[in-house]
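Alright, structures below, take your time with them.
Both complexes shown next keep chain A, but they swap its partner, so chain B is in the first and chain C is in the second.
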Partner chain A sequence: MKLTLNQLTLRFSDVTAVDHLSCTVNDGEFVSLLGPSGCGKSSTLFMLAGLYQPTEGELFFDDTKVNTVEPEHREIGMVFQNYALYPHMSVRKNIMFPLKMKKVSRKEANARAVEIAELVKIESLLERKPAQLSGGQQQRVAIARALVKHPKLLLLDEPLSNLDARLRINMRAEIKRIQRQVGITTIFVTHDQEEALSISDRILLMNQGRFQQFDHPQDVYLHPTNRFVAEFLGNPPINLLPVNFSEGTARLVQSDKQANSYLGVRPEHLAVVNDGANALRGRSESIESVGRDHVLTVAIQNQKVRILIDADQPIKAGDMVYVRPKPDRAYLFDNEGNTITAQWNGGLTDD
Partner chain B sequence: MRRGAFSKGFIYLLLIAGGILMLLPFVWMISTSLKAPNQVMTLPPIWLPHPIEWSNYLHAWHTAPFARYLFNSIFVAALSTLGVLLTTILAAYAFSQINFYGRDVVFSILLGTMMVPGEILLIPNFVTLVKLGWIDHYEALTVPWMASVFAIFLLRQFFLSIPKELSYAAKMDGCSDFKYLWLIMVPISKPALITIALLQVIGSWNSFLWPLIVTNSMTMRTMPVGLMAFSSEAGTEYNLLMVAATMVILPMIILFIILQKYIIEGVTRAGIKG
Partner chain C sequence: MIERRTWKKTLRALLYLAPALALIIVFDVYPIIKSFLISFYTRYNYFTDVVYARGIDNYLSIFNDPEFWLSLRNTAIFVLGVVPASICLSLAVAVLLNQKIRFRGLLRTIYFIPFVTSVVAVSVVWRWIFHSQYGLLNAALGLVGISSIHWLTDPNWAMPALIILAIWKGLGYNIVIFLAGLQNIDSNYYRAARIDGASPWQRFIHITVPMLSGTTLFVSIIAMINAFKVFDEIYALFNGYPGPVNSAETVVYYIYNKFYVQNQYGIASAASYVLFLIIFVLTLIQLKVGGQKKERTRSKKLATGGGR
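Up next is the complex of A and B:
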């Protein structure tokens, strides 16, 4: 099912949770809704579900406007952060519940519950109560219950946030597998960038209720449309240097006051080089190992810059080094945080 | 460690002594109820009657209409408990799930009524029942007890602890609010509801003053009222009196033994009342 949001807005008494959000999600697509806490992800999802009424704007499923359609008539399956399983019912009863409400015959409901339980691999747990299941298993039950009605849209609100790190990665793959197998359009809410980058066809980035960027994971990472997106993605985070940009050359400045723009370069797009052409000179301060990566911190004037380096690079703390960004992987942002599209030829100086 | 065991032993000793002290009157009651009249007042007291006079029970049963009293007690307890459960569930739902104007004010006022001692309400309630023509009818014994602010408070707190997502999930599953209440919330709240039902049954069974005031005829008496009437009729036949007392208490003891777990849970939960 195709999904169209047109200037969708949700206001509570004193906050605007979602602010004129527009986008189109294609049939069968897996879209992550990503953003910091409180940016309106859940609110957006709840509007899609019909649990919240939009204050303004329109919402279309395929070509039907659904603003006022009741949740149960929207053909949606939803999984909540705390799973929201019915604690007094067995797994089987939980999965059958939506069908029971639709007055599907017991026999058929049971057959469909078993079928879906096999899909999410919980067929051996059908007689248990939710309290007797692990977090990951409860998760699967919640997905089964959401899918058993054969909905046209699957909504997941931070479904992995209650799981431990390893299980999270497993379930992530499982969710992706199930989604592929069923071919259902899916909106997946998360505030974990890694999760979003690994699982989605496209990522919708939000901040303070507003649309930021909607693109393929590689594109939001490599071609951020603004400073917020650039800063939000990436670990260790992107380096931002205050510069004065004119005539194709960026000149490093001492303070934010003197800067007319910012140069953003991710740690992996900076290289330590031998010559000073289009490079910045600084003193190597420390080298940290984070798992496989080695992160070199360099002090350039009063700025600190982090660089991802190879383990065999012979750099010691205290060395003077030159640092050069890859020109096509460096971004210029103006003081408002918007990307400057003006041509930058890579010219860079620090004096 | 030895010291721990010692102090533990001491505590148990105290508890056992306390337990025996609490049990003695009951044992005495049952023992007396099985004695022949000439063994009732002897010194030193006889703890184990011999022979055991089971016939006392038959005798007492026929001296006063205990069957009727028993029926009344059970009927009144059952009806008022069902009533309380129904009103409590609906009220707790309204006070916890529906956002209506003035909800919290109304709820505070309701809670405030808990501070009014029951005795103050005795006369106005009695007058109301007279006007309704309910005196000496089952309505008088049951209807005034079919709503309990305390129970509403208890269940409301329980309902509030149910995560909101559950109602959202139910809504997505096509479950109406009414079905959500009966299919999801009520089953989840079973422990709280059992507590409420038990407190109500016990309260109704033991209540004495109210049934005494609103009933006149013998056929409307409940067990405690019947027991009082019997005590003036039986006079000094203590063994028969103890038979009647045993009959009043026994059903509660059986109930307690069966539902011990829930009662203890309930009294702990209830906290302020018991």
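Up next is the complex of A and C:
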């Protein structure tokens, strides 16, 4: 099912949770709603579910406007953050519940419940109560319950946030597998960038209720439309240097006051080089090794930048080094945080 | 921090507990034991506290007393009339009061007022409401074409009148307990149920009722015990006698009558213990039936090692 949001807005008495959000999600697509806490992603999901009614704007399922359609008539499945499995019902009864509400015969409902339980691999747990299941198992039951009535849209509200790190990666792959197998349009809310980058066909980034960027994971990462997107994605975070940009050359300045723009370069797009052409000179301060990553911190005047280096690079703390960004992987942002589209030829100087 | 049990600490605790304990022992524990003993006194001097003979004659005599059987029957009718209706009504009101409605706080207060007002005072008001000629109830019934009912003087209507009063009186307390139970149900269950396609009625049946089962059990036990103990309402509503031709005489009224009016202390005590046994057995049955479901899941959980 195709999903269209047109200037969708949600206001509570004095806060605007979602501010004129527009986008189109294609049939069968897996889209992550990503942003910091309170950015309006859950509110958006609740509007898609029908649990919140939009204050303004329009919401379409295919070509039908559904603004005022109650959740019970939207033909959607949803997995809640705490799973919301009915504690007094067995796993089988939980999964059969949506079918029972649709007055599907008991025999057929049971057959479909068993079928979907096999899909999410919980067929051996059908007689247990939710309290007797582990977090990952509860998660699978919640997905089965959401999918059993063959909904047109699957909504996932931070479904992995209650699981431990290893299980989270497992379930991430499982959710992706199940979604592929069923081919259902899916909206996945998360605040975890790694999750969004690894699982989605496209990522919709939000901040303070506003649309930021809607693109494929690699494009969001490599071509951020503004400073927020660039800063929000990436770990270690992007380096931002205050510069004066004029006539194709960026000149490093001492403070934010003197800067007319900012140069953003991710740690993996900075290289330590031997010559000073279009490079910045600084003193190597420390090398931090986290697993396979080696992060070099360099002080350039009063700024600090982080660079991802190879383990075999012979750099010690205290060395003077030249640092050069890859020109096509560096971004210029103006003082408002918007990307400057003007041509930058890589010209860079620190005096 | 785990403290060790010592005599010093125990004595100190007892010292703090002493005032309350003394009152409970003098006015509750001692009478309970004493009345149990008295129920077996067959010949007894009240003034000198000398017992000449003991036996089960008191129990035999109440079981041969048609008035006792009448009072048991009346009590049973009263309990069956009050408890289920009161639970259903208060649950319905609690669900309504739990919605997002205007004047919610005010309405909750209004429903609680009957519980905190004096039984005698409200019974006087109800006597007026039930008045066959000038009463509000008959006036209201008259509007829908029902001719006036002699609520308080017709033996067939005395018990229904008493039941109406008792339901109204107990509503506030039950509503408060149900409201607390309702607020303990995570709203996500309702959201999930809506997404799963459940209508408001289906959400009530499949989410609210089962998740309130613990509260309902508690309310039903308390309501049943209270109903078995009914006395004040009768005394006040029928102006000091148990309804026309004893039609509203309950077991507690029977006990009161034997003790204070006829001074048959042994018989009153025996009747008290029969009432106690009835309440005790019924409460055990309720706990057994109500607790069964939970017990089943718990034992299963133990058998499977608890999952998590």
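Just so it is clear, the second predicted complex is superposed on the first by the 351 of 351 C-alpha atoms of A that agree within 3 Å, B and C clash if a C-alpha of one lies under 4 Å from a C-alpha of the other, contacts with A are read in each partner's own complex, and residues count from 1 in each chain.
Everything below uses one rule, namely that a contact is a pair of C-beta atoms (placed from the backbone, for glycine too) under 8 Å apart; a residue touches a chain by one contact, two chains touch by 3 or more.
Fair warning: this is a prediction, and the values are worked out from it, not measured in the lab.
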Fit or clash - chain C, chain B, common chain A: clash
Contacts of A:Gln258 with chain B and chain C, given as first, second, both or neither: neither
First (chain B), second (chain C), both or neither touched by A:Tyr86: both
Contacts of A:Ser286 with chain B and chain C, given as first, second, both or neither: neither
Which superposed partner A:Gln132 touches (first chain B, second chain C, both, neither): second
Comparison of chain B and chain C by chain A residues contacted: C
First, second, both or neither for A:Ile76, with chain B first and chain C second: both
Common ground on chain A, meaning residues reached by chain C in one complex and by chain B in the other: 49, 51, 71-72, 76-78, 80, 82, 84, 86-88, 97-98, 101-102, 145-146, 149
Partner chain C, residues of chain A touching it in the complex: 49-51, 70-74, 76-78, 80, 82, 84, 86-88, 97-98, 101-102, 128-129, 131-134, 137, 145-146, 149
For the chain B and chain A complex, residues of the former touching the latter: 163, 165-166, 168-175, 179, 184, 187-188, 190
Contacting residues of chain C [partner chain A, same complex]: 186, 188-189, 191-199, 202, 206-207, 210-211, 213, 293, 297, 300-301, 304, 306-308
List of chain A residues in touch with chain B within their complex: 46, 49, 51, 71-72, 76-78, 80-82, 84-88, 97-98, 101-102, 145-146, 149
